[in-house]
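Same chain, two partners: subunit A is paired with subunit B first, then with subunit C.
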Partner chain A sequence: MHTPKRLGAIALLATTAIVLSGCSSAGDSEDSGSAAASCEPATEAVELTFTSWIPGIEEVVDVWNAENPDIQVTVQTGPNGNSGTYQNFFTQLEAGNAPDLGQIEYDALPNFRVQDGLVNIADCAGVADAQEDFVDWTWSQVSFGEEDSVYAIPQDSGPMALFYRSDLFEANNIAVPTTWEEFATAAEQVRAAGGYITNFSQNDVNQFAGLVWQAEGSWFENDGTNWTVDLTGDESTTVADYWQDLIDRDLVSTYPGWTTEWDNAYNTGEVWSWNSAAWGANSIISGAPSTAGNWSVAASPQWEAGGESSGNWGGSSTAVFTGSEHPYEAAQFAMWLNTSDESLTMLNESAQIYPAAVAGLELPSLAAGVDFYGGQAIYDVFSEASGQVSSDFVWGPTMTQTYNDVSDGFKAAVSGTGTLSEALESAQTSTIDALKAQSIPVAE
Partner chain B sequence: MSAPTPAPTPVATRRSALRSSAPKGDFAPKESPLSKAGAMIVMLIFTLYFLIPIWWLFIAGTKSSDQFTSTNPLWFADFNLFENIGALVAYRDGVFLRWMLNSLAYAGGGALLATLIAAMCGYALAKYRFPGREVIFNVVLGGVLVPATALALPLFLIFSQVSLTNTFWAVFLPSLVSPFGVYLTRIFAAASVPDELIEAARLDGAGEIRSFFTVAVKLMFPSLVTVFLFQFVAIWNNFFLPLVMLRDEVLFPVTLGLYGWNSQVNQIPELRGYVLIGALLSIIPLIIIFLLLQRFWRNGLGAGSVK
Partner chain C sequence: MTTTAVSGPTETSPVPRRTRRPIAHKKAIAIFVLPFGVLFALFYLIPIGYAVYQSLLVVEREGTFGQATEVFGGLTQYILVFQNGPFWQSVGRVLMFGVVQVPVMLGLALLFALLLDSPLLKGKRFFRLAFFVPYAVPGVIAAIMWGFLYSPNLSPFSLVTENIDFLSAELVLWAIANVVTWVYVGYNMLIIYSALLAIPTEIYEAARLDGAGQLRIAWSVKIPLIIPAIVLTGIFSIIGTLQLLAEPQVFRSFSSAVTSTFTPNLMVYSTSAIPNINLAAAFSVVLALATFVLSFTFLKFTQRKDAK
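So, the complex of A and B:
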């Protein structure tokens, strides 16, 4: 019963996004140079506001507040970013009352960047040096590859690996695939055994992007002024054709992700594996509770035998918004939130946050075996995957629109009218149009 | 946007259908059994159409999370309703109860004051002659055509200027305005409050305020209930305004709170159960208020439309 409500809200948000972004990008995009703002500590106690939708973040911030009486942080909340909080951020930036800090997923950062909504905190004490504390690719997500630039502190990441039903693979004598070629062969065997090797979710475009990411492709590029859109590059086309083939041969199911049918397909053993992010571990636990103990995790299948490449799905950062009067203190808080052991441990326990900090990957809570996965220490696999994610994948400034357009095309493709490649081609065109409509310079 | 509202409507329609066929006066046109049965079937289909989602929600609310996906969605598995409610209420120190209270405060308080304001306004427009009366009324009528959601962003910018965003008032104050209420009460006051009665009250020494409250309000009561109900439901379901205005969880109405949880189901899957049971609980106040007030509200609508 929430779907109509949600669609209505999204439609409205989309409308307002167009209106607001239309206003702000016209005048502001010129002066968004990369010179870091000066960053001096305040002389007296400061109060900061921080908006995040992570459940339980209040308790983490309480710890900070107890230790830092001079920098008191108030938590504000809202729905998940794309469900309304990002739009609120843009509205608040427009009205000049944005919070000091906000949670922003990597794929939304470029949008805030081109709207000039983020403070470059590279000159704040300790921030530039923190680069080595974070997994390489997460740092390039928040610096956009620019010199002397840090627009957010990485918080969590979603390195991908293959969740699979070890009991079913074993019982049917099917080897766990290590390459995508083997995966396709295994898919035939699984189909012969009455199941589907995996599900292709038409609405999880960012999962598909993760697969392209693993193939070392990238959808966007920014040379400092101009954006290049490349949804139809060789890597993307290879991935799209590969999955199109599996769909055509009815070797994968095509339930929309996160629906009850989808849960049910995993819960009843109809679908045997899921190439997903670290945080997906919990989705299976709650979506397919009847299959407890039967799952394992292996590295994602590779495009080349012996390859070591991983994709990423999701992840977010803590950014300081334009208009914050205390970027220094805000940056200190963001660093503590995303690097300190106590914060990362609490975030992991309350919200299954999988850290972007290198030291965070070694948390004791992540080293233990997980009963649902037959006692396997599954996060070891993800920790390894995390280091294999390419630093070259770049998100575009209009991802909401791109996701919607690709998803529309994918829906058509799984119902047999069109192909995944055609979906990417049409989204390529519409994304370029969307960028132009917002006066964002595009190189063609 | 008005997910919970349709429920009571078929009940009301069905009852009135039953009642109007009850007195078999000679003057009533004879209905053929066939058309009667046809009408009943149509009613039945609509009733089912409106009630099945609520039935589904109720069933979903009684299931544990693993039975939710694996059992028949329209029939009971193990009955876990009270465990689910207990878990929801305990989650995050009972923030859900806080949201319910907030919704009641926004919707109850807002609808009450909105009704009063609309009644005074409608009464004044109906009973006093002053220059610009029709212009004001037409402007108010124009307000009926503007959806509340379209006003949320301008309201946010205005409230930002006076630093009232993220406060109780940011949601409460805009809820006090009901153009439809002004329209309805004006029509109703014109039809049901005789000028002679007000004149008599004045002659007896009652002031304008007093004659409004002691004479007019009583005569207008059915329309006031209607306005109250409309406004209550409108505020309860107005989700976009709180979404834009509020950032502090303790100020959220229940719709926004549940929406926020629902938006995180991907990463925190156990929230799905809370969203389901929370949605079920959140429609209860609406059902109660409709059942209590439906008698008045049917009268009010009918009187307003016939004039």
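So, the complex of A and C:
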């Protein structure tokens, strides 16, 4: 009878050992707090790991590796952030084996910072001085508007503009809308011609946030003591009611974004326009290949005639994760990746990445016409939009949850059992609950 | 004939051996159990223990980006679980799913197994394989395939799917039930069928001598004898139902009706994505306990019936 008891004891010991090590690893990470970590170069060659989902990132990393034999980067690719990579990051951080560097969209940065996942690289050589080199609002996203704080290097931005089927608009004599009011009128004309002016994607809550951003709204505030959640502000409600009306009148289609159905709707010409980000240029090229040459890009419709406001959808940064042993080298790579001409040119050519670095906006590849868009120099439009993006938009600390909850509500709305405003109201409540559940201070 | 030959020696031999050299046996038992024991502890006991431990913690922090410290919180997370409306809705949803889908699936599996076992059917090998093939298709691939079949625009049967929206809020649960049934009927059929093969043929002879036809044999001889196999598949199915994840996760991109809290496991998945690992652990523990209770209630219920 001794043996089974001993076995049981061993199992128990093993359990407690693992449990304890879980404790201690959580304790270790406490040092790397909000104060900038000291950042010293390593004395010998280092190897870094980097996770990203940009198409063609491997070739860019190959160029770095060829030029920097002492800092070798291994790149791993995955699905885009909210589709799984963020969840992997969080799990890896919990387990203490996150990669050195990862791609994180601006909207997810607060989430990672709250979970103590990011290294403050402000003290790494050249990082703090780089502020001038980036578009203002992107820098305020990675620094959280704080002094001596740099939690990531901005990579690209997603200023929004209107992609539209110029051939179809022209053939049906429909004017390209410059205000949202004109957009609704055009939507009726397009519907009469048998198409949909655009698709309202129930799972692209960050696109919706971009529309609220354009309307000068903001969803979160952080005064240092408390978070404020405001999904139901006037601007959000205006945008929600506007799209609800289009949905109610069957003037927009409601395919879930990034699915084969959705690609198909664009590829077959059922849907005629998409108010999307600069990187969306790549999505249309890959999702609707048979419409090549028929697209153009115009400035987003405005809420007021003659207005000059633009929203932003997505855009990523390169962050150094807690637990990286080589923040100095990691920061050097992140700076090169996001500021060097050769890297930015390659990223733009392979993935239509629109750089966050000011100098990157002058790249020859951005001035050239794009064949798929009938030879139009589409980045001129985005360049203009980029300058019109407000730097006041703040993201919440549990965006994955907020997106999920708003999206669940949007799904109900497009299937006719609720409205977009109700979705925002219920997500407002659930977001506050989610913050409280994690003891994140929130003002009500 | 073969079954009696096998069962012969095992009935008599162990009794004298057990008393002879007990110590050597204990070591041997320990050695034989060790590989299982280690794996069982590593991949079963420890993860469960860790989940229970995680579920008892709460996070504390100061300031908007304050350091998180995990402290013992007792049953705080469990209180949140019991207050969580969407979680219990999702439990109700999978229970409703199970009440309809499990009997349908097992009924079909039993019917197919009986048909395969009946002397009337020709081409048994072909049908056995044909029924089993869907199980060889990975669950995610099956869900994607059915997702396209249901899709209003992309389906090859768009004449049907344009008029009946299988992906609507009313029907999507049953559309998923159909996918699960399609995948698992063959698997359950095989378990039941192998139980049928183990029935000694003398019993059929006796039944036939008493004047029973094929239907009567199936109903009064075969089914009562394979009840244990049906109970087993029943328990597997109950567990599988409560743990639905892959199919609804895939259907999220096909249907507007499948939310991030559609099934309990999806709820766990989205909670851990926040990431709120402590609450996700508490959800998992409650779900595991519910599965345990349901399976054992089912077992007790069916065993009591057996005893009578």
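Observations on the model:
We adopt the following convention: the second predicted complex is superposed on the first by the 400 of 444 C-alpha atoms of A that agree within 3 Å, B and C clash if a C-alpha of one lies under 4 Å from a C-alpha of the other, contacts with A are read in each partner's own complex, and residues count from 1 in each chain.
Convention: a contact is a pair of C-beta atoms (placed from the backbone, for glycine too) under 8 Å apart; a residue touches a chain by one contact, two chains touch by 3 or more.
Just so it is clear, the model here is predicted, and its values are computed rather than measured.
After overlaying the two complexes on the shared chain, residue contacts for A:T260 are found with subunit B and with subunit C alike. For subunit A, the partner touching the most residues, choosing from subunit B and subunit C, is C.
Shared-chain residue A:T417: touches subunit C; no touch with subunit B. Residue contacts after overlaying the shared chain place A:W137 against neither subunit B nor subunit C. In the superposed model, A:G287 makes contact with subunit B only, not with subunit C.
Contact with subunit C, but none with subunit B, is seen for A:A434 once the two complexes are overlaid on the shared chain. Shared-chain residue A:N97: touches subunit B; no touch with subunit C.
Residue contacts after overlaying the shared chain place A:T398 against subunit C, while subunit B stays out of touching range.
Applying the stated contact rule after C-alpha superposition, one finds that A:W53 touches subunit B and leaves subunit C untouched. Once the two complexes are overlaid on chain A, the subunit A residues touched by subunit B in the first and by subunit C in the second are 4, 91, 94, 258, 260, 264.
Of all residues in subunit C, those touching subunit A in their complex are 26-27, 29-30, 33-34, 37, 41-42, 45-46, 49-50, 53, 58-70, 80, 148, 151, 153-154, 168-169, 252-261, 270, 272-277, 279.
Considering their complex, residues 1-2, 4-6, 8-9, 12, 16, 49, 51, 53, 55-56, 76-80, 82-84, 88, 91-92, 94-97, 99, 258, 260, 263-264, 267-268, 279, 282-283, 285-287, 289-290, 314, 351-352 of subunit A touch subunit B. Across the interface of their complex, subunit C is touched by residues 3-4, 7, 10-11, 14-15, 18-19, 22-23, 26, 30, 33-34, 86-87, 90-91, 94, 110, 113-116, 144, 202-203, 222-227, 254, 256, 258-261, 264-265, 397-398, 400-401, 404-405, 407-408, 411-412, 414-415, 417, 434, 437-441 of subunit A.
Within the complex, the subunit B residues that touch subunit A are 1, 3, 53, 57, 65-66, 68-70, 73, 92, 149, 153, 156-157, 160, 163, 165-166, 239-240, 243-244, 246-249, 255-256, 258-260, 262-272, 275, 279.
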